[in-house]
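Following: one structure in structure tokens, then a few remarks.
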């Protein structure tokens, strides 16, 4: 098996696993924040605007972690410098 | 085993595992948010519109993580750049 | 072992594991949502229509994750592009 | 070991594991829903018809996940397209 | 090692593991449902007929998952199509 | 190593593991049901006959799962069709 | 390594693991039942005869699972049909 | 490596692991029962004779599981039938 | 497989796993902090400015851990000194 | 590697692991019993003699499990029958 | 594969895993401290200055553990003595 | 690799792992006992002498388990009978 | 691969893993102590000086464990006796 | 690879893992004891001297377990008898 195949193979595997494993944390995290926000609204409806605002800041920060994983995953599939190099080295 | 077979093989495995592992987080996460929303509605029926709205925003963000996984999985099966390249390289 | 056999083998394994692993999250998730809905109805029977409606929206979103896994699993068994290609390449 | 044997072997393993792993989620999930339904009935006997109806909808959706696994398992044993193809390819 | 031996071997392993792993979920699940039913009866003895009826429906559905596993296990031991085919192919 | 040895080996391993793994679920499950029954009797001594009856039905269903595992284990040791076949094929 | 050695080896390993793994469930299970029985007696000393009787029935059923494992373990060491056959086949 | 060495090796490993793994369950189980007994005595000092008696019956049953493991472990070291046979077969 | 390929391969794998594993901790951590902040606001709306300020300091520190992982991941893909060296050594 | 080396090697490994793994259960178990005893003494100082006596019986039984592991570990190092035999067989 | 490649490879892998694994503890730890600080502020707003000061000391100590990991990770990538030596030994 | 090297190697590994794994249980166990003792003293300062005495007995028994592991670890490093024998056999 | 390379490789891996794994315990531990200190201050602001002093003693002891790991990690990278020896033995 | 290299390698790995794994238990344990001490001081400030004294005895015993691991780790790096022997045997 030549070099660029191996690089392609590990790029595929890594891209998939990165987003798969990386989805676990944010999904649980966001659900926890949302669930607690709902509890808080139910307890203190008057503070719902403060709660919602704080929730959205939190969700944005948690989502950012998922975005990091998605970005790395996309880079590995569509803008992989090692793969570009390997294709060039193979003279294609 | 020639190169494009290996790439096909790992694409299949990765596509399946990505969506399989990636479904765990969102499924638990959404159920948690929904469950808490139901508790909140039962406690404070008057705030049900605020609760439902906040819930849907949260579900959308959690679902987005599952969508990332599904997108990567579909890309690996139907629009895999490594596979396209390997088919070309094999002269097919 | 020739190429199309390997692809068949990994398709079978992946299809099975995808739906098997992918069933864990939704099954737990839906049961959690249902269980909480029942608790909520018992606490606040008057809000049962709102609760039921919110529950069904939630179940639909959680079930969608299971559907993704089932779809990938079926694609791998009955509409696998890599397998089609391998059969063609083998001249069958 | 010739091709159709390998396909048979992995079909057997995958069929067994799919239903085995796939039974964990639904079994826990259904028991949770049932357990909560019983608690709810004990708390609010008057709402038992609403509770039972919601329970059955929920059980149906959770059972559907187990059915997916059972379907994939049966397909792999009795209607496996890869196996049909391999038998044909082997000239039997 | 010839083909039918391998198929026999994996059939034995898979049959055992399927029922072994598949027994974990239903056993826990049924115990949970039963335990909650007993609690419910102790809290609300007057509703014991409704509770018992709902319990039996739930146990039936949970047991059905165990039955799926047992069925697959028995099929693999006593009505295994791959094994029948392999015996025929071996000319026995 | 000839065929019937391998079949013997995997039969031994599988028989042991099946009952070993299969004992975890029922043992925990029955203890949970029994523990909850004792709590219920302590809370509501008057309902002890209903509780005991429901408990025994539940224990029977949970034990049935252990029985499935024991049956498969015994079949693999004393009535293994693959082993019978292998002995015949070996001309013994 | 000849056949009967391998069978001896796996019999030893399996016998040990079967009782080792199989002891975890019953040990926890019985302790749970006993612990709950003690709590129940402390709460309701008047019902101690009913509690003790139910406890012993439960312990018997949980112990039966441990007995299954011990029986399989002893069969594998002292009454192993595969070993008997292998010794005969080896002409000893 | 000749046969009796392998049997010796696996006997040593299995004997150690059997008692090691087998000690986890009973140790936890007995501590749980003892801990609950102490709580019960603190709550209901008058019932301490009933509690102590029930505790000792329970400890005996849990200890029996540890004894099973110890017995299997000792049999494997000092009264191993496979080892006796292998020594005889080796003509020693 | 020549040296720079191997380095490329492990760089890809490590980059993906680093951000994937590294996303779990921060995602859970931030969600916990956010969830507790929402609870605190609901309990004590008057202290919401102190709570929000403390929350943001905490989120910044937790996010910094995710940033470390992302930085290492990016360094491995785009500014990898080992890869630069290997390319030079290979005379490219 | 000759036979008695292998036996020495596995004896060392097994002796270490047996006591290492075997220390987990009793250490946790004893701490649990002690912790509960301290709670019980704090709640009911008058029953401290009964509590202490029951505690010591319990500790003795839990410690016995650790002793089993230590005994097996010592036997494997200092009174290993397989090792004695192997040394004799090697003519040393 | 020559020596400096191997060292490069393990340096990359270790650097990534060190910061990835090392991020789990601090991220959880800091979130816990922050979450508890928020609860404490909500309970006792008057002590918020003492709480914030204690929190920052704690966060600094927890962050220091993450810094250790990041330092080791950076040392392995940019100031690796083994790599320097290997490059020298290879005469580059 | 000659025999005494292998024995040295496994002695080192086992000595390290034995004390490493063996430290987990006692460390947790002692902390639990100490923590509960502190709670008990805070609740019932008058019984602090009884509590402290019981605590020390308990700590001694838990520490004894750690001592067993340390003893085995030291024996394996400094008084290893297998190593002595191997050195003698190697004629050193 | 010559000796000093292997030693370099395992030194790198071990140094990274030591600090990575070793950071989990202290990070969690310190956060727990800090979190509880904050709770204690919120409950009893008057005892904050005693609490803070006890906290710092505790943090110092917990941090000492992280320091042990960092020290071993640094020794392995910068003052590794085996590496010094291997370099000397290789005549460099 | 000659003998003393292997011994060096496993000494490095074992030294690192011993302190890494061995740091988990004490770090958690000490934090638990400290956390509970802080709670106890907050509840009963008058008993703070007794609490602190008991805490320090406990911390000393828990720290002793970490010291055991650190001692073994240092012995393996700086006073390893097997390594001394191997160097002598290699005539260096």
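For clarity, chains are labelled A, B, C, D, E, F, G, H, I, J, K, L, M and N in written order, and residue numbers in each chain start from 1.
We take it that a contact is a pair of C-beta atoms (placed from the backbone, for glycine too) under 8 Å apart; a residue touches a chain by one contact, two chains touch by 3 or more.
All values reported here derive from a predicted model rather than from experimental measurement.
Touch-path distance (fewest steps) from subunit B to subunit F is 4.
Computed centre separation for the pair subunit D/subunit G is 30 angstrom, with centres defined by C-alpha atoms.
Rounded to whole angstrom, the centroid-to-centroid distance between subunit K and subunit N, based on C-alpha atoms, equals 21 Å.
Mean C-alpha position of subunit K lies 11 Å from that of subunit M.
Counting only residues that touch two or more partner chains, subunit K has 1, 11, 13, 15, 17, 19-21, 24-26, 28, 30-33, 35-37, 39, 41, 43, 55, 59, 66, 73. Taken as a contact graph, with one node per protein chain and an edge wherever two chains touch, the assembly forms a single closed ring in which every chain touches exactly two others. Round the ring, from subunit M by way of subunit N, the chains line up as M, N, L, J, H, G, F, E, D, C, B, A, I, K. Those residues of subunit C lying in contact with subunit B across their complex are 1, 3, 6-7, 10-11, 13-15, 17-22, 24-26, 28-33, 35-37, 39-41, 43-44, 46-47, 50-51, 54-55, 57-59, 61-62, 64-66, 68-69, 72-73, 75-76, 80-82, 85-86, 89.
Within the complex formed with subunit J, the residues of subunit H that make contact are 1-2, 5, 8-9, 11-13, 15-17, 19-21, 23-28, 30-39, 41-43, 45, 48, 52, 55, 59, 63, 66, 70, 73, 77-78, 83, 87, 92.
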